[in-house]
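So, here come the structures, one by one.
Consider the two complexes below, in which subunit A is the common component and subunit B and subunit C are the respective partners.
And now, the complex of A and B:
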């Protein structure tokens, strides 16, 4: 099925939600349950959990934007990944869940003048989300790759913890037997049960805005059958048709790249797309005497000793991704690929002081994305890679292969020093997954494009409700923060709309 | 041109596999989105000219070993996609590409 909807695309609705990820799915569910007519327009397709092998090329082909090859240009350029499917990034990420830290909420409230941001309300929403998504720890022992990271940190006396995940496990299941409780398993079915219509294969071109009010959404829809195979990209075989939906309000939840791009294409001004933030990440592969590789899952332990500046964790490490991690200095590292079951990939993610931009360019649907690291960022990346390498040596790694051009094999502490000397961010294969902050919320209109509840300041009825709203990169896995803010803002919209209706009736 | 980069790295990769992985990398590059995708395809065109058969044996070692702006990123992209494809589909492949 490429389209999940209760009939033809309507011509009119109370609310259009653009995007169906952590922000869009929760928004749609709450609004539909409150009695609004809701249409969710999703560019990608509905792919059920378990239909594709996690972190495989086929999954990237079918569920990632650009087949997983998207990049923020700069010196160096930084690869990023975005979901492009029903459920958005929740279908493809690591499934780790962390509440927004209280001190971070305080800083956001103070620095961006966010009104009515209440710690207790956020905590209550988080508890509700955790119940809906079955957030918990893995049963039994974590994977060997996760244990290696944990053990390395313990040996160094560094703070580490196991991040909970939103997974369900069969009664006698182990750490690798979880079923992700992504949006296609939770909030999207909930919204559909409450009457929301989800339209997949639908690209939103622009919002029709006059005098600060959106009146309709223009879209292109291709809901024909999809031809695909393991070696070819999915192609809709039907004809593309255009249409528009008249609506009373729009929630743009297309992610930190495409939400600002859509607003820009629709002629909305203000500080939109100017403050892209994320956690630049540098990787290494570590080789152990024992088998550590789990090819379709990620480690759950994280090292937080240097948080929020630097965090360490484990990456997907199937045989193809191990080869990719070794590719920066293949002539020196290549023998390790024959031993890939003993190799796992780890990352050091930093909280960056750099900033990026998202610019909509006429003639292109996808925007130009740029990012500039600061000198401090480059220093912290070097330091993070060195400390991550040390953790791996302490965990028993016999060889460590950093992901930058010309990197040496690291076998001991002396090699670590040489590695750090030869590192430069320009030579590294940097990547990121936690994109945010392109439409920050708050009452400081010079810095914030949206008000304290996600309404674009210059409009009456255009809202953003996804990672774009987070004022800065949170320094932790952001899905918990995105969902908490999305639910808070949707509830405020419902309350305000009901108050307005009550006033009109009176 | 993509084929010659991969063939130089992995001299024992047989022709069938080389054809298949080259086709995969070409498709992915064709699918790249936005202005960045346009830029990558522009670099591919320039690389194809620089790696044309008459002077390939002189230019290939230079372009694949020195990280020139744009060209170095393109070579990294080809290697990333190509290696990920080869070792995901055929994990027993030797470091030189042999079955």
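And now, the complex of A and C:
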């Protein structure tokens, strides 16, 4: 595969796209196909799908920011994960795909005054994305861990479903043989074929902005391969470790933490980074009489009975992650680790009313991230963990190990009562993956730094086009929403740019 | 008599007595059970037992239940357990076939006397053909919600229930109905959440723990000993026979002094006492649901604002001058009261006002669809009508509001 091959970093381009995840890759592809010259600057490396074992330690080291250890400070602090590689989060996540629910779009349009947000257009874009990513259901039986969750919910009469994924399967392949149709498999090659240049190992320091217009982007090159794709690619040879690209517009697609941080570093004011939202998540491990563990895949079933407040699903459960899930009360739980093939990890994710902030700090590349849960959030987390525990007992789990400090082993309903009584969010190992809402879009300028199509209100040509734009945490897997908005906004940019050109030439 | 025959008899009598499809008794009162059978269509019913045992008969639920049984089980024997014989004289319950046992569920000797004469013919009493052992059902309605001390919760709600369960099992009853509560499940995490029929326990303070332990004793007897028992879970109830604490509730609303904490959008499931009796009897007479528990409540949860407004309107309908206002207080009041309650209960003491205030900013809402589907339960009385009836009852009984 050589479509992502690049020469030296250019000095000038129509559009710079910062970041190559679900937002950046789609933006780059659409703009390049519309005839713009596009340079994509990506901090991480290009690692082809399948080169690393999914959810492995090696993958965490190479494809996650901070080796997978990033934390939103607060009481309690909440660990979060971000992709840092070509393709961003799409390379490392579960590949689940949910369209943005229509009632959510209505709420966003109403509460944030988003103009021209059309249900039919979003549906049409979603259909296009689903075709491009081969979104579909697993062939044959789902994994045993997925079936346990499903059957527990069915026994309780609770709503559950199989979430579709962006996967392709070989003929007669089973649920575990899928190949993730991430950005490095889909929109990035598409953009590169249309002429976009991808530069990996490139950190953007700031946008050069004067009088509300960006004129250039200054960057720094990391050690190691630069404009590279695989080991055979040429190494960066120039002595220059920093540089700048002059450009007509910038799309910032660095994710909900680093997009606002870059805007702040570049001196852009307004409500940026003040409304970080995500789905705080609490976990448990469940032990079954039968083998349930599939060490490099995740369950596809989700329990939606309490949606959007609470959703259950399965987590990656290789032996290391099982051990991690048991670590909260290791003295009591450790015996289960030798039986890890019978153990699977599940989560309860909630919609939160808490608020977080992203603040860039002079002299540091990584911003300070804080998040504070509300009393209601803590109650919902406890309820989610309790209901998830009941689902596991109904699914036939012999023992359940909740992920909080000092948690009891749960074997029956009485234990579940004791577990809920002793739970406190302060003791829990909370984590999250769905970071969003740091640059919400809309015409309500008190809350929205970006307009209805992602342009920063106070600028003429700086755009955000990633999860930062989603006005709130959606209550479902957000990647479908991210891509739908990114494509919608890129189309609008193309349409208005052509109008501008037509006017100028007329 | 087999269940199949029971069902046949029940439906035959329903069609015989209610040819026009409007199930009423000769005195004109609706028969809610027959109505429920008609409504649900497919719900099976056992025949009424030859003997019905009721604990806690002098309590709020117990009185309403016994009144119903006295009216509807003319041919059956009814045996009640009460702590003071004097209560019964005041109720005016005199009828052949009513047997009064004075005793306390906390004393095993009393409980054994209550079950006297039942000799373990349980298997045949469940309906095997050819048996002449009369069938017996037990409705365990004894419980304490506002005791003098914390120890009272456990003596009655936990140990008392264990005594009933153990003796019922030895005596071979056909069906035990255990009247539980919402409190083993705590409060809903959000104001728009409703408890599904099956939820994990999260007991709320000592009352909740003691009621949870009572439920666990029942479930364990079903699992291990094959006892045929069903749990019903009423939330906050209201209606005739209400104790003095509920009168205070009316008085506060009338005077505009009912404390509505925070937004008032928190919700409560409530159950009118006659709806609850319908549910208890449905649970008693529905075969094949041993080991299950059901929420028994009015059709839907109400917001606190709706409750206050509806009670004020019912008071006005009954000729009272109700302000319709409420005392607005920030949510912090509830939190402080909850904390004070915790401290007090931690030291073994219990204060009713503080406990109730501590709960008032919470949502306790449940979903009755399982009781509808599996028991044919169908609550007939809504909040406004139920509150009117309880205000009328207060008037008739000379209670000043």
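Just so it is clear, the second predicted complex is superposed on the first by the 481 of 506 C-alpha atoms of A that agree within 3 Å, B and C clash if a C-alpha of one lies under 4 Å from a C-alpha of the other, contacts with A are read in each partner's own complex, and residues count from 1 in each chain.
Methods note: a residue touches a chain if its C-beta (ideal position, glycine included) is under 8 Å from a C-beta of that chain, and two chains touch if they have at least 3 such contacts.
Note that the structure is a prediction, hence the values are computed from the model and not measured.
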(request) Determine, for the superposed arrangement built on subunit A, whether subunit B and subunit C clash or fit. (result) fit
(message) So in the superposed three-chain picture, is A:11 touching just subunit B, just subunit C, both, or none of them (first/second/both/neither)?
(response) neither
(message) Quick one: is A:366 in contact with subunit B, with subunit C, with both, or with neither? Answer first, second, both or neither.
(response) first
(request) Could you say whether A:390 touches subunit B, subunit C, both of them, or neither, answering first, second, both or neither? (result) second
(request) With the two complexes superposed on chain A, say which partner A:137 touches: subunit B (first), subunit C (second), both, or neither. (result) neither
(request) Using the superposition on chain A described above, determine whether A:417 touches subunit B (first), subunit C (second), both, or neither. (result) second
(message) One more residue to check, A:306. First (subunit B), second (subunit C), both or neither?
(response) second
(request) Mind working out whether A:70 is in touch with subunit B, subunit C, both or neither, as first, second, both or neither? (result) first
(message) According to the stated criteria, A:382 is in contact with first (subunit B), second (subunit C), both, or neither; which is it?
(response) second
(request) Please indicate which partner A:158 is in contact with in the superposed arrangement: first for subunit B, second for subunit C, both, or neither. (result) second
(request) Give the label of whichever partner, subunit B or subunit C, reaches more residues of subunit A. (result) B
(request) Note down the smallest distance between any C-alpha of subunit B and any C-alpha of subunit C in the overlay, whole angstrom. (result) 24
(message) Taking the stated contact definition, name every residue in subunit A that is touched by subunit B in one complex and by subunit C in the other, in rising order.
(response) none
(message) Taking the touch rule as given, give the residues of subunit A at its contact with subunit C in the complex, in rising order.
(response) 156-158, 305-306, 309-310, 376, 379-380, 382-384, 386-387, 389-390, 413-414, 416-417, 420-421
(message) Using the touch definition from the top, list the residues of subunit C that touch subunit A in their complex.
(response) 184, 186-190, 192-193, 196-203, 212, 216, 219, 370
(message) Using the touch definition from the top, list the residues of subunit A that touch subunit B in their complex.
(response) 56-57, 65-67, 69-71, 73, 77, 231-233, 318-324, 326-328, 330, 334-335, 337-338, 340, 361, 364-369, 405, 427, 429
(message) Residue numbers of subunit B touching subunit A in their complex, please.
(response) 9, 20, 24, 27-28, 31-39, 67, 72-73, 76-77, 79-81, 83-89, 91, 93-96
